[in-house]
Amino acid sequence: MLINYEFNEDKIQSPLQYTWSIFKRNNIAIAAMWVAIILVMIVIFAGYILPNTPTTQVKQLLLPPYWIDGGVSDHFLGTDDLGRDTLTRLIQGIQLTLGGALLLTLIVSILGTIIGATAALTKGLKASILHHFLDALLIIPTLLSALILIAIFGPSYENCLIAVSLSLLPQFIRAIYINIENELNKQYIIALRLDGAANIRLLRFGIFPNILESMVSLLNRIFSLAILEISTLGFLGFGTQFWDVELGALIASSIGLIFSSPWLVLFPGIAIFIIVLVFNVFTEGLRHAVIEGEDE
Amino acid sequence: MLNYISRRLNLLLINAFILTIIAFLLAQWSNGQSLTDTNYIIDYVKYISAILQGDWGSSIDNRLILQQGLTAFASTLELCIISFITAALIAIPLGIFAGFYPNHFLDYCIMTIALIGLAIPIFWLAVITTMLPRLTGITLPIDGGISPIFEVPVVSGFMLIDTLLAEDLYQLNAFYDRLAHLFLPSIVLSFFLIAEIIRLTRRSITTVMKSNYIKAAYANGLSKTRLVLHHVLKNALPSIIHQLRLQLSTIISFAMVIEIVFSLPGAGVWLLNSIKEEDYLALPAAVLIISGFILLFSIFIDIFLMIISPLKRKSLYVD
Amino acid sequence: MRFLFTIAMTLLLYGCYKNESVITDTLIYCSEAYPQSFNSQISHDISTLDATTHQLYNRLVKFDASGESFIPDLATHWQQSDDKLSFTFFLRKNVNFQHTDYFTPTRFFNADDVIFSFQRMLEINTPYNSINRAGDSYFYNHPFTNLVADVIKIDDYTVKFILNEPDVTLLANLAAHYGVIISKQYGEKLLSIGHPEKIDYYPIGTGPYQFKNANKRTGIIRYNAHPQYWGVRPSIKNLIFEVTTNKTKRHSKLLSGECDIITYPEPSQLDKMAANPKIKLHRTATDNLALWSFNTVAAQFNNKNIRQAFSYAIDQKTIIEAIFFQSGNATSSLLAEQSWAYNPKRITLQYNPQLALEMLKNNNFDFNKTITILTSIENSVFNPNFHKTAELIQINLFDIGIKSEIISLLPAALEKRLASGHYDTYLTGINMPMNDPDSLFRPLLSCDATVAEGNSSQWCSKRVQTLLDSALLESNFIKRIMSYYKLQEITQQDRPYYPIAHVLRVDASNQNISGLRVDPLTGIDFQYIRKTEVN
């Protein structure tokens, strides 16, 4: 458990500090973490950092990015066919897509943990019904369930988020359930039980610290799927119905210009790619840190 | 063994029951009927008997939904199968290599490719791919399932098979044309699949490699090739297949999105058009067909896995 | 090893894959939308006209290539009576109707077919009058039904049209897309088997191509050459319409040879296409109009000064540059310049936001209210991109402090919304189905015309209605023109519509295609088309 090899009398670190100190050693993960923090900052402060107001219309249509011939420095990533600044719209898009996905991951994880834990700790008919119901929901492809929900509730950005969360929730509940179930059969939990620990205590101190690693990768998976699904629905025209600049919708609205100014299609796609990549690398680093912390 | 199979079948029935309830509720909703005022148990029984008799209703333009849905889904499956074969041929060797030499330079390269493949939005990749023929000058179709020149009668729904059956009409031209139309979409889909299979294979192989019996076999002086072929792969494969089965619904989702981008007739295009035309009866049909397929296929794989790996027999649920 | 295998397979596939462009007796036309039906008598959308008028059917007379005089089609010649109240047509003999697997005609075309075709429009009591009329607009009845009192059979090859009033537009009406001749024998057969609705979906006509099959889902329509066609038989044996809604894909498919001819390429690519020696561009001026209508029933928009102020607020030039590129001409008049009733003394539209703001303030415009801009999600021939046009308008309005909301809807939802009348402005377009200003002004301005038919401003004024009706019945050509001049002045003062552009019809074909004819009024014509090997 000791990290500092020079002074053995150094105080014992808390598990969190310990994990962090392992994580710090991974340079790529640290870089990814900083990019992720910047992205989250962009989401929160998008309103303040926009280089141009989104409705600004310059008389220069379809400008290429700055570094290509004909680009101007006022519009770093160029403009679209209505003369709007691409960077501005991209930032708004990131706000909608990433912000939506973060919010959705938060809600899904809270709801999923509550339901999954409750189900794991109860036995009998109720748990069985929930189980089978989740089984059935899990075999409906997420795109199909999102399409169904959107057909029922009507297309809008909010409904798109609801649809994606509802399609991801069963996966989360199921994974949490299995993880807790596996832990419950272990001896240290039985020991805790025999000590008279209530369910909450059992979860808080017995189970969760031990399923942390799979929780991290589960959250990462849900988050990546959320990003990809929100943008897919936006792309299909169901999420944001064009008038918002969700990243997928940005791609869809620029497809007609793919040969005259391909960057309008390229940039939003690269943005999605970077978001997913960065968060993946970050959580992968985190997961390794947690594993290593447990191993040693 | 029998016990296991009966448990799986039981599970199949329960899941199928829940699916039909979902489909029934959707059908009721799309017909604009509310549930409260009628005795819905009778309605449900009526609905199920109609479904069992093959009477799935017809769409706005008076086409039979069942037939339409099956043909569309067969086309999606065709895309999935072709991509899967391509992906497996490329990804499994790479995954084995990466798992066999963890932390090797090539391992990092392979895993980077896998990470990229998983992070790229699939619809975007599809859109970029549609640009390729025009940019590179290669003549490959980017739109539609087959050239309208060919009128291939629908027999199996799998157009590659149908084009072969219609050989007397067009020789092999229709078959090649269909292959050409599937080429770019299946490359996009297999890109995702390759990443996924590499990841799964590598993880599975590393787990197996850590186990004691492999170490023992190693100590016994078995050659590496022999080790891989006889022990590692045999023990790693069930877990890979199992994990891929869990990904089936994601793969089908992606296939549907790719179809929409390439206007390849299939379940994705069918559903999207139906929703646009407010023809919602296609939704319950899609739930029954697609999820029904996934359900049956999962059970089939489960039984297959049980035959090759007895450890699985204990599990109760589809996990 | 496996990698090499994949490459080898790819090469093999590539070697075997033959493109459509090498088959010279098959032509693929990539169109924008699926036709509403296969009978241009009842459907007036451009896709139907393209798919039917010239391909499946003939009319009694047609316009010559210049569009100014009439030439024989199924009528070999005709006479006008001295009192100008009747026209006698002498019909062509030995004309075959198409033989298809669903109908085999046993006799040649004759006067009965002419009477059957026109009775469908004229006589309410005929069984076919009400068939498939759901999507039918009022063109079906007006102005033709007002014009013709009766069609009489003199003998098997002579028919006489009796008019209500002396009217010169009869020939133009007969040459219009709805003047096509359908088979009476086929109609009777369908009635006897109880499926009269099939007459418009499994068509039988006398035209150069005959219907083989069509599928709305796949968007593919197949025609064969009509082997017993009376006129010049086409060199193309298989004519295929493939609906490709995406403009960029149409363009790519043209370049790759998957389409021989495409309609309406992406406007932003027009200059690139024009520079490409492998592509032939066919541009035709049309009367089709992209317009923005003000709902004159909605609060605030019932004031013509407010409507005028809005028209000053819009920067038409930027819309043309950003949306239409070279596929549309900016216009300040509803009527296109090439029309005979075009009033050259028009008020030009100005972009003057200052003036607009002043006018709005003088008329107590409520700047707190968000106005709606309704439009269609699906683009049409009238506008390459409705939503982006709406966005430009939104920006213009925002500049003078007006808040607006864009509502883009799918066709089904749009129809409902329009019928409810719950919108302030509507961004749309209208086509002029025949070379007669009445066919533009009546749907836009008549009190009888519904929103679905074109009157999206819900305009109804007694003065305009009187002018419309009197102009239609006026036999003196000069007086008629004067009425339409007057009408144009009124619409420019009252501004129920803001005209954006008259769109060009653009078709593009590969270099190996020749003989393409495009009539802006009645659709594309594939009769004389030729396809040669690509060298």
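Going by the order they are written in, the chains are A, B and C; count residues from 1 in each one.
To be clear about the criterion, contacts are C-beta pairs under 8 Å (C-beta built on N, C-alpha and C of every residue); 3 or more make two chains touch, one makes a residue touch a chain.
If you're wondering where the values come from, they're calculated on a predicted model, not measured in any experiment.
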| item | value |
| --- | --- |
| Contact-richer chain pair (by C-beta pairs counted) among A-B and B-C | A-B |
| Chain whose mean Cα position lies farthest from subunit C | A |
| Distance between the centres, which are taken as Cα means, of subunit C and subunit A, whole angstrom | 49 |
| Gap in Å, rounded to a whole number, between the CA centres of subunit B and subunit A | 24 |
| Distance from the mean Cα position of subunit C to that of subunit B, given in whole angstrom | 43 |
| For subunit B, residues contacting two or more additional chains | 130, 134 |
| Per-residue overlap in subunit A, given as positions that touch at least 2 other chains | 255, 258-259 |
| Residues of subunit C whose C-beta touches two or more other chains | 246 |
| Residue ranges of subunit B touching subunit A (in the complex, touch as defined) | 11, 14-15, 18-19, 22, 26, 29, 115-116, 118-125, 127-128, 130-131, 134, 249-250, 252-253, 256-257, 260, 268, 271-272, 275, 280, 283, 286-287, 290-291, 294-295, 298, 317-319 |
| Residues of subunit C touching subunit A in the complex | 246-248, 251, 266, 268-269, 272, 318, 321-323, 377, 385, 387-388, 391-392, 394-395, 398, 406, 408 |
| Contact set on subunit A toward subunit B in their complex | 131-133, 135-136, 138-144, 147-148, 150-152, 174, 178, 224-225, 228, 231-232, 235-236, 248, 251, 255, 258-259, 262, 265-266, 268-269, 272-273, 276-277, 280-281 |
| Subunit B - residues contacting subunit C, complex | 61, 63, 68, 86, 89-90, 93, 130, 133-134, 138-144, 147-149, 151, 172-173, 176-177, 179-180, 183, 263, 265, 270, 273, 276-278 |
| Subunit A residues within the subunit C interface of the complex | 55, 57, 59, 61-62, 81-83, 237, 241-243, 253, 255-260 |
